[in-house]
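Two complexes come next, and they have one chain in common, chain A, joined by chain B in the first and chain C in the second.
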Partner chain A sequence: MNGVEGFMYPNEIALQWSVLIVLYPYITGLVAGAFILASLVRIFRVEAVRPTYRLALLTALSFLLVAPLPLQFHLGHPERSFEMYFTPHSTSAMAMFGYVYLWYLMAVLVFELWLDYRAEIVQRAQSTKGLLGLLYKAMTLGNYNISHEALELDEKIGWIVTLIGIPSAFMLHGYVGFIFGSIKANPWWSSPLMPIVFIFSAMVSGIAAVMLIYMATTKMRGLKIDVACVDAIAMYLFYTFIIDFALESLDLIHRIYEADESFRSLDFMVHTKLYIPHIVIQILLGTLTPLVLLAITQLVKLPERLRKRLYVIAGSLIMIGVFAMRWNVVIGGQLFSKSFLGYTTYKMHLISKEGLLVSAGLMLLPLAILYVLVRILPPWHEGENQVLAEGAK
Partner chain B sequence: MSSFKNTGHLFRFAGLFVLAFLIFLGVRGFVVPKSFGQYGHYRGNAIVDDAARPMFYAGHQACETCHADIAATKASGAHAHVNCEACHGPQAIHALADDPTAHIPVKPDSATLCIRCHAKTLAKPKNFPQVDGDHSQGMACITCHTNPHSPAMDTAAKGGAK
Partner chain C sequence: MKMNRRQILMLMPAAAIAWESILAGTPEEAPNYKMSEHWWSMLIDISKCIGCGNCVRACAAENKVPAGHFRTWVERYHVDDENMTEPQVISPNGGFDGFPAATEDTGKYFYVPKLCNQCADSPCTQVCPVGATFISPDGVVMVDRKYCLGCAYCVQACPYGCRYIHPELEVADKCDLCYHRITKGLTTACCENCPTGARQLADLKDPKDPIHEFLRTHNVQVLKPQMATGAKVFYNDLDGSVR
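On to the complex of A and B.
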């Protein structure tokens, strides 16, 4: 049979979960990571990364709005997906995720953004005309109280929301790992380490994404990149990445040491079908190379220009590496037979409901949403532009 | 009350949540079928709906009522545990009709039917009779296995599947 080597059970030949299911944990991971970066400012008082605080929250919101879309495209009857909200079953991990998602979207992200932007929303509601003015008026919820006391209260509530947001972000993405980790029939997925590995790789990819978006948007605005800020982000990225790398290695070593009945089959797969995406792209290109690059920036005093370039290269490689990790988990987990006697092939379509074009569109959509959000709610403060522009001269 | 003076906007945001929750409850009440949860985590009326659907399979007992001779042959052969309708297809229209002869079932084509179960694959137990594509050389299975209800044959004489 075309694309099949050895023996596959009939229901294993065609993959059930396509590239869209790769996008889903990737996008939710970016949300969780971006939020964790924002929490560095609010909870851990890391002032150096403050320029990215609002941008990180808006990035998280943009990606969170798109996170369920790959699943909707994957479903044959997407309208039925709402049934998991209306008639949730306590044994359904997916239904519980629906509530975690809603909680994170509304009670954490939207609320925190609203509290943080409220003063500006009120000012804009009073000064902007037309449709945009109406939008700002709606966003004030009819309350224009931006007294010092009210804003101080917002700050306190915002702090609490962020504090609740950190475990919520962990829940949101840990759950994605949980869904895979709890599939005991699949030895490639079934591991209690899966949620933890997913969370840390999510933090790595989210932090890298915000760093890249911050550098790109600052460049596009013709301003000078705050090097102290990207240095601090890169430092946290490096530390988080080391933990992530250690956890993934632990998972790998544990599998090799345990060497259960699936090991020979999985090992064969990693050395053949998954060699390029797993060994080359995920481990060599997406993990070891950026780790070395980030280590160099931490250990050697490099010129500012070179540091920034290394951050861009390392950040981009991390984004590719984490995507490859999601790919290897989702697609890799479906390439081998439960009989451990055969392997199938995944062929991604170009133009189909679950093809490459739809995936690329879904990956670009959060950036388009972010563009609109940034236009409505600029993450940079008034006056900051001038100061930074002068610095750029 | 002065401590609540600056909390108005927070109550409004909380109000949004309450409003969203009420809308959710309203929509839920509208879209979730009334019989949902009657017996378990499903629509109770689904049982009534399913019971009202026409029957397609009669069951082997219905076949054996009239075809006792074939049932006896089958019971003595390798196909003893294969249900009649597994090969002949759903026959409720024939078995339950007032005049079964008005709905005579079409005889299955052994050239395509038998291979559904007996095609050789690694997944089947070794002692299960399996043949590859060249075995029949284009002939219908019943050319040699003349009685499909008890398909054993003298393999040494005919040179069939080992």
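On to the complex of A and C.
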């Protein structure tokens, strides 16, 4: 009956949160991770990854602009969502969303990008004509001062914004983890580790995403990939991934060892309905395989070409693995009954408000936005391109 | 239908009152009802429930509950003495149509009616991002349908599976103890239609309510006490296997 095994409370049979709610933590995770990578340059002065700095910020912005859309599509009454801003409920973790989101978008990302691009925006405002020229003029906010002192001040303020941005990025994604981790009714979610696991998996997915986007865009531009840069990114990816893996393992071991009242039910679910997405895709394919691949690149001196290939494979597997992790949290957490006596099935439609096509569209939309943003605010300098292009030959 | 002038004139005052009620946009008044004087709960006597499903049907009719969703439902437990902690539970269509005959002679069978536990520390109201679901001063957990976003966070937060998203209204829905009835001195639809008196509406603030005597003299339990939700639906003779 309706894909139910055993006993579900009658109101539990259909899932309340669909694939769209899987996309939401996945996308915000990419934002937070991309920003953390950018902060390596600004705060921690890791010069090797500088070629990805602006690209990481633009990637973060592209995904952040899309982040609220899955939620909007999911709401029964999206026209009332503004109530979260005007009459937020103080005890609700979800009520924070609007504020955390706006803070992160306006006070951190857009502000930092503006400061970093200001000199170029002013130059383009003066040299570009037509609609695009008007856009650049608007983006200057009327400030055309790009004297040495002014730019130095921009740099200082940018540093402070990034410094504030790091805890903000943690807050943006940690709070998403808290939304799940604080639900005591659901033992699959309820864990104080959830926000921390979310933050580290976010960093892993965001760093992997920027690495892949950097490699793809450089290739598309016909330029040589800065190997020192991707080596450095892969190293940070590897170490962050180890912490993430350790935390997720800790959560798993704790559950298995403690074996509370929900354990038999959850264990059965992991070995049946969640076997493919959890054991095969998330753990074997999306975690252990890329960890081994990255470990090989760190331990063995491999030729450049092979290293880059391994990075691409590991990065892609990580993207799949982290998506599977979000899927297993959101969908997995609704497949079992809160009576611990049965299981239901998630049926995803191809064409519906919360179906596969809409989800795929929402996943591709940030890339389209990134394409436009890169056109308006190129993250690379033209001169640098030529030098690199010559180097590639 | 033909009406003459006299009949139309006679109907006008009623129409005027109805129009005023629509304009006011509020439920009909209950002038003698003071919220501060009540603290509603329910008593369910497991040993009296016969699983007839009358309560489920009455609730669905009274509250226009959409098919496949339940403000109240009945579960049938079959507990075998060899496996006390792994009961066999069924609730076909929430018990709306009653239950099939029991097939096994071993173990014990009993029925457990379920509904919103009207928790005093309710996890569902805690998580609502806009406060559309709230606890009324007389202890009933309710949903403001004009305010609810339909995010379903409350559905996830309820440990008892009492909430659902109304498929047509796209807002959260749940048992409100027939608030439109109890504020007028009536009992709930489910209690009114229970043929054995297994369900009793109770007012914990009313010193004359027999609930006080009952709670003092019986083995009464709430569902999932470890959730610490301050549940106010009390079960007499609740078996330890009930989830």
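Operating definition for what follows: the second predicted complex is superposed on the first by the 393 of 393 C-alpha atoms of A that agree within 3 Å, B and C clash if a C-alpha of one lies under 4 Å from a C-alpha of the other, contacts with A are read in each partner's own complex, and residues count from 1 in each chain.
We adopt the following convention: contacts are C-beta pairs under 8 Å (C-beta built on N, C-alpha and C of every residue); 3 or more make two chains touch, one makes a residue touch a chain.
Remember, predicted model here, so these are calculated numbers, not experimental data.
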| item | value |
| --- | --- |
| Clash or fit, chain B versus chain C on superposed chain A | clash |
| First (chain B), second (chain C), both or neither touched by A:340 | second |
| First, second, both or neither for A:138, with chain B first and chain C second | neither |
| Partner chain in contact with A:94 - chain B first, chain C second, else both or neither | second |
| Partner chain(s) touched by A:184 [first = chain B, second = chain C, both, neither] | second |
| Which superposed partner A:147 touches (first chain B, second chain C, both, neither) | first |
| Touch count on chain A, higher of chain B and chain C | C |
| Partner chain in contact with A:9 - chain B first, chain C second, else both or neither | both |
| Contacts of A:77 with chain B and chain C, given as first, second, both or neither | second |
| A:252 touches, of chain B and chain C: first, second, both or neither? | neither |
| First (chain B), second (chain C), both or neither touched by A:160 | neither |
| Of the stretches 37-45, 91-99, 127-135 or 145-153 belonging to chain C, the one that collides with chain B | 91-99 |
| Where chain A meets both chain C and chain B, residue numbers | 7, 9, 87, 89, 339, 341 |
| Residues of chain A defined as touching chain B within the complex | 7, 9, 85-87, 89, 106-107, 111, 114, 118, 140-143, 145, 147, 149-150, 153, 157, 339, 341 |
| Chain A-touching residues of chain C, taken from the complex the two chains share | 68-70, 73, 75, 87-91, 93-94, 114, 123, 125-131, 147-153, 155-165, 169-171, 227, 243 |
| Touch list for chain B against partner chain A, complex | 5-10, 12-13, 15-17, 20, 24, 27-28, 31-32, 36-37, 41, 121-123 |
| Chain A residues within the chain C interface of the complex | 7-13, 16-17, 71, 74-78, 80-81, 83-84, 87-89, 91-95, 97, 179, 182-186, 334, 337-341 |
